[in-house]
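Please read through the structure below; I'll follow up with questions.
Chain IDs A, B, C and D follow the sequence of writing; residue 1 opens each chain.
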Amino acid sequence: MSRTGRHFLQIPGPSPVPERVLRAMDMPVIDHRGPEFGVLGREVLEGCRAVFQTMGPVVIYPSSGTGAWEATIVNTLSSGDRVLMFETGHFATLWRQMAARWGIEVEFVPGDWRRGVDPEIVEAKLAEDRSRAIKAVMVVHNETSTGVTSRVAEVRRAIDRANHPALLLVDTISSLGSADFRHDEWGVDVTVSGSQKGLMLPPGLGFTAISEKARAASRINNLPRSYWDWEEMLKPNANGYFPYTPATNLLYGLREAIAMLLEEGLPEVFARHQRLAAATRAAVQGWGLEVLCREPSEYSPVLTAVVMPEGHDADAFRRIVLDDFDMSLGAGLSKLAGRIFRIGHLGECNELTLMGALSGVEMGLDAAGVPHQRGGVLAAMTSLRAGRDG
Amino acid sequence: MSRTGRHFLQIPGPSPVPERVLRAMDMPVIDHRGPEFGVLGREVLEGCRAVFQTMGPVVIYPSSGTGAWEATIVNTLSSGDRVLMFETGHFATLWRQMAARWGIEVEFVPGDWRRGVDPEIVEAKLAEDRSRAIKAVMVVHNETSTGVTSRVAEVRRAIDRANHPALLLVDTISSLGSADFRHDEWGVDVTVSGSQKGLMLPPGLGFTAISEKARAASRINNLPRSYWDWEEMLKPNANGYFPYTPATNLLYGLREAIAMLLEEGLPEVFARHQRLAAATRAAVQGWGLEVLCREPSEYSPVLTAVVMPEGHDADAFRRIVLDDFDMSLGAGLSKLAGRIFRIGHLGECNELTLMGALSGVEMGLDAAGVPHQRGGVLAAMTSLRAGRDG
Amino acid sequence: MSRTGRHFLQIPGPSPVPERVLRAMDMPVIDHRGPEFGVLGREVLEGCRAVFQTMGPVVIYPSSGTGAWEATIVNTLSSGDRVLMFETGHFATLWRQMAARWGIEVEFVPGDWRRGVDPEIVEAKLAEDRSRAIKAVMVVHNETSTGVTSRVAEVRRAIDRANHPALLLVDTISSLGSADFRHDEWGVDVTVSGSQKGLMLPPGLGFTAISEKARAASRINNLPRSYWDWEEMLKPNANGYFPYTPATNLLYGLREAIAMLLEEGLPEVFARHQRLAAATRAAVQGWGLEVLCREPSEYSPVLTAVVMPEGHDADAFRRIVLDDFDMSLGAGLSKLAGRIFRIGHLGECNELTLMGALSGVEMGLDAAGVPHQRGGVLAAMTSLRAGRDG
Amino acid sequence: MSRTGRHFLQIPGPSPVPERVLRAMDMPVIDHRGPEFGVLGREVLEGCRAVFQTMGPVVIYPSSGTGAWEATIVNTLSSGDRVLMFETGHFATLWRQMAARWGIEVEFVPGDWRRGVDPEIVEAKLAEDRSRAIKAVMVVHNETSTGVTSRVAEVRRAIDRANHPALLLVDTISSLGSADFRHDEWGVDVTVSGSQKGLMLPPGLGFTAISEKARAASRINNLPRSYWDWEEMLKPNANGYFPYTPATNLLYGLREAIAMLLEEGLPEVFARHQRLAAATRAAVQGWGLEVLCREPSEYSPVLTAVVMPEGHDADAFRRIVLDDFDMSLGAGLSKLAGRIFRIGHLGECNELTLMGALSGVEMGLDAAGVPHQRGGVLAAMTSLRAGRDG
């Protein structure tokens, strides 16, 4: 086991933090009520709009993404409200549990954890709901536990076809900044996100982008709240300040990370992720293994979940990869535990880092005695070369 | 105006972050489910016990201190519960407002913002409460807005004398790690804190230390909660993990900050703060100005609030100090706005930094045309020399 | 003894390195033959010209300032050459010793270490030198060991009045970037400098700015050289590269430091140093102590050397200041050992840092039982206030 | 072209600097004459002995490795001395030129840049030298320009067999800390090194380890010197200090880098380099290309130089690799320009980083239209797996 050299952090988040971002955070704290802070605050709040592709407000919390889930619920829903959710994987299930704890009645459309939200079911369910009892459709854009991306724009169109007033609440914790996502254009009402994935920051910031309609809902819903309250945030945000002490150094990092995303260009960032994801899937196919996601139009650009051959433990494999090659891969969660492993290829990832990672998987499969064909790495190189020429 | 050289951040928090802590945070993120993280998690959770002076659990949230206020309320109280609070200043008032938003009925004992909680009133109020309707006594240990420290051990004794079962919930956001505080010995049920003051970290972590009694209360209270739920935290904490992605890099910093506090020794840390605070008060007296805190046994070791002479605006003075001497002082908050300024002398502060700061105040008083006697700086040096010999 | 908080590094160099500069250096090394390096190289070589106030080349060595002394000698002089030097202090004496080791015949004008180079003596010596045997006049601009600044522009005029062809070689190791210095305007032939003083960098870079005349001399002199050879440097420098591996990360820092100097403005930087130096001398006078420098027109803006009262050991005093107040002061060197201490007020120094330092001196004099009057700190504040209004 | 993510710096030095080392350097400068510095100085001087595998002194210069070449010459040789050198490549040629500039008469044994020093020729040349005119045998241990390592222990035995008193002077600039090297056991008189290769530091430090015999020679040789003089260094070094301002922050890094090497264990460090080098050669063979080094016992563990197929320009290939895959490879130098490229696998390099690098070479060969077989990457994985099991 060698521990010299760079650890390969290939989990689907937290993703590696670029040196520029780490260094930006490694600066003295400033007075959160002084003029210099106001400039910082306005910059990051404005910059977030570009990344969320919205003209509306984005609220930044000192919290995990889970906190932003909670913020979304307590600001828009009322006790006893009915919502429509979809069992796309582990995180959709957790969000559902949270909603239940807040007294929300969840209609949870079952799923096999290998496909995204079916827009036709959305439309059907909403069309059935004559009484307009459903207050929100809650969707996880990129299921971090499965590597499946739901087609949010199509979900929006399904809601529109049903002519239903439900809010569209979308979790982009693991997609924002890596997969194309358009808050305004896609008619999303609340976009939930976190700092530690496509935004290339350490964990510690939660986000909610808010439509006019969501904000209006927040004025009449009845869940108790204080820390997460949007109005309390939006007032001082207007001048770049916060109602309580913000996580200043993470905001330094956020400023730098947004600058990096915009320097590369969002379309280029998204294309890079698609290229890396395609190469990863080519490798999986090359090994003769199976990608968990069943629907090509829903392949995640952020991570690829790989199904282990029957009778082989994904966690034993992952342990060998960690011990022998100093690489962290993502575990199967909940009902997928031991049955899959996940390769993250998001954020500050490039071709050669991915190739190092895929080489580690190929050598690890060999070391763990997992039946596979050699040649995944070769296939990935072919994919990358083709992607570049194309 | 000169902007070269070190900015003097003399607000009562966020306090300056030591280089060692900043650099500890400036390291790559690791897998929050991997073995290396478990070691980190156990270390910081254990280290927190030493700093809170407790054998019981300390819960760490990715949040501001305000979040830890909310966590305390939602884990221990029920809608309609009655609590006893004290108007010691701005932050006590904010905590009361938060409690009210959660449907708590607050008996708010009025105060003049120049004294701490009166233990005799605590005893009297609880003695009157024959029906044991009061579920908690909620106290701010160090009022950051006023520089007044309440005598928590005496409050505990007052509760005991009244033989009352109310929980004792204490905010130590600006005192922990700077002023002596003993969760177990003083019989505190929940101790609330934050990262950005005596712990010498950037903002972004909230803490609650929890007594057995508080934990028992959390099992029967009825407020909805998910993000802040103690039980969800304590289960994975047992192995050093967290139920949702923790703020990894702030935890790196926390490990280093705890190490620094324990290297210096908590008694030495507290004595240093007392010495710096005494010198600051000597300076205020030397200038012929008035310390806001009226009760010597309640002088804060963390910050000193100074009353401006009638007819002079504290904020205009602060602006001159910022522009001319690149020093941030704390503003008067709420009803003290413009009437006081606050000098922070907490965390990573030593004698010469304090002397630089006090020199800046003395020169600033002159520059702003505030009537004062020269000689505050001289008096502070005398105080420091005496404190050292004593 | 407290070791928490910022150490006060008040020696006359190495001076404190700004966070911006440290962080700029804390970045990955790049290929020193790649295109990105060429950009960096051209930027710093160009930026140096601004700081040295020259249109000609500045050569940057991975070395201490001592190395740049050697570079100057071996590039311009020949074995047996005669030069004129002045005993202004310890460093002038060291440079003389180095010249002697290279076989240079030094005429060393004696001095009392309390005054700078006397331009009249320069003129007289050169006028006497009918045979033009003197090849160079070698002057230390700011004597770091004494706090005396020689008047280089007047030395130049003296050489001109004598109509003598000697080169003017000037050591600005401790003055460049803190005291006004003009390579071209003052007709200097070689300006020697180092990174760790006014340039606010860690030690590790040496510099020589070179006039046409000096470069011409380098083509005909006869001292053996390789590492220090100007021509070897200047060829690749034209494109931003170096003949051997340069100290890349120090160059990152140099780029940032030059940016900081130019952002503040060189005239403002020099005025700030004058203001801080005046305040320091006011403090010394306030204590009833003596500044070592005897000639007001030669007071150093970089450091102030203070004469200890008879019978008191400056080093014992310095040790107490270090132990009690965590401040480093400069020692007396060589024949001044124990008799003086030196206060650095250069580079990243501002008013409040200086006041912290002077407070430490005043408290230290008291702690060490050195006879003095109180009030130096007060006098310094008066000086700073006056300097600001003036 | 993608510039997001980690640049692959696969030149044979400067090598990537570990985060731990960068962060250790990113700390405030201290007084180079104070007690804290003495501790640092003693630690790094002592630590260097472990790395050079010597009980004798190691001198550390603020300089490049080139400076340490010069230090070796000026401390041990006299003008007109005769030395024996070997044309093993570009750097041996440069060292010879430097010796010539210092008036040393070099007998330069010609070579084809594909083999190391032939111990038999050493023996023969010395045996011929009846008059003992040859004062030193000067050898480059690892030729950075060719990837050939000379067998220093065998050279020593050849000198001994000839019973010749010549000094053995060895350049380990690119081998120390990566390839096994034993100053004492191998009877080396001066070992020259630099910071930016196996020591995993930024450039800026030069080293000479010195035998008793070399030191004795330095007392009687006649080359002028001051900056490089050993005796000047060794006196203050005894207490951990330096005769002129040392490069403090690089010394912080050196302390950390030595700690890392000793934590991993020198034998493990050397074995890791051998494993990575073998995998690289397997890849080259897999591509059907040729390793420049002709003698298997002289393969470098530090870098591998690859011969380009006739009619293909190595620099055009390298440019494509840099543009398309953000990887820096080493150029062919001097007479090898355009004919080879060099892959560095030294210092902070591990298996997956190497695999990323080799993937970049394989894709780059394709992109540049260089005739090759696919499968080098596959062969490297096979080699690494075998090396691990073995």
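Criterion: contacts are C-beta pairs under 8 Å (C-beta built on N, C-alpha and C of every residue); 3 or more make two chains touch, one makes a residue touch a chain.
Bear in mind that the values here come from a model prediction, so they are computed numbers and not experimental data.
Asker: A-C versus B-C: which has more C-beta pairs touching?
Answerer: B-C
Asker: What chain lies farthest away from chain C once each centre is taken as the mean of the Cα atoms?
Answerer: A
Asker: Quick one: chain A and chain B, Cα centre-to-centre, how many Å?
Answerer: A distance of 35 Å separates the two centres.
Asker: Provide the C-alpha centroid distance between chain A and chain C, rounded to the nearest whole angstrom.
Answerer: The separation of the two C-alpha centroids amounts to 54 Å.
Asker: How big is the gap, in whole Å, between where the Cα atoms of chain B centre and where those of chain C centre?
Answerer: Roughly 45 Å, centre to centre.
Asker: So which bits of chain D are touching at least two other chains?
Answerer: Residues 16, 23, 26-28.
Asker: Chain D touches which residues of chain C in the complex?
Answerer: Within the complex, chain C touches chain D at residues 7, 9, 11, 13-17, 22-23, 25-35, 61-67, 70, 79, 97-98, 101-103, 194, 196, 202-204, 223-227, 243-250, 322, 328, 331.
Asker: Applying the document's contact rule, which stretches of chain B touch chain D when the two form their complex?
Answerer: 19, 23, 26-28
Asker: Please output the residues of chain A touching chain D within their complex, sorted ascending.
Answerer: These residues of chain A touch chain D: 2-6, 8, 16, 18, 26, 260, 264, 269, 272, 324-327, 348-357, 359-360, 362-363, 366-367, 374-375, 377-378, 381, 384-385, 388.
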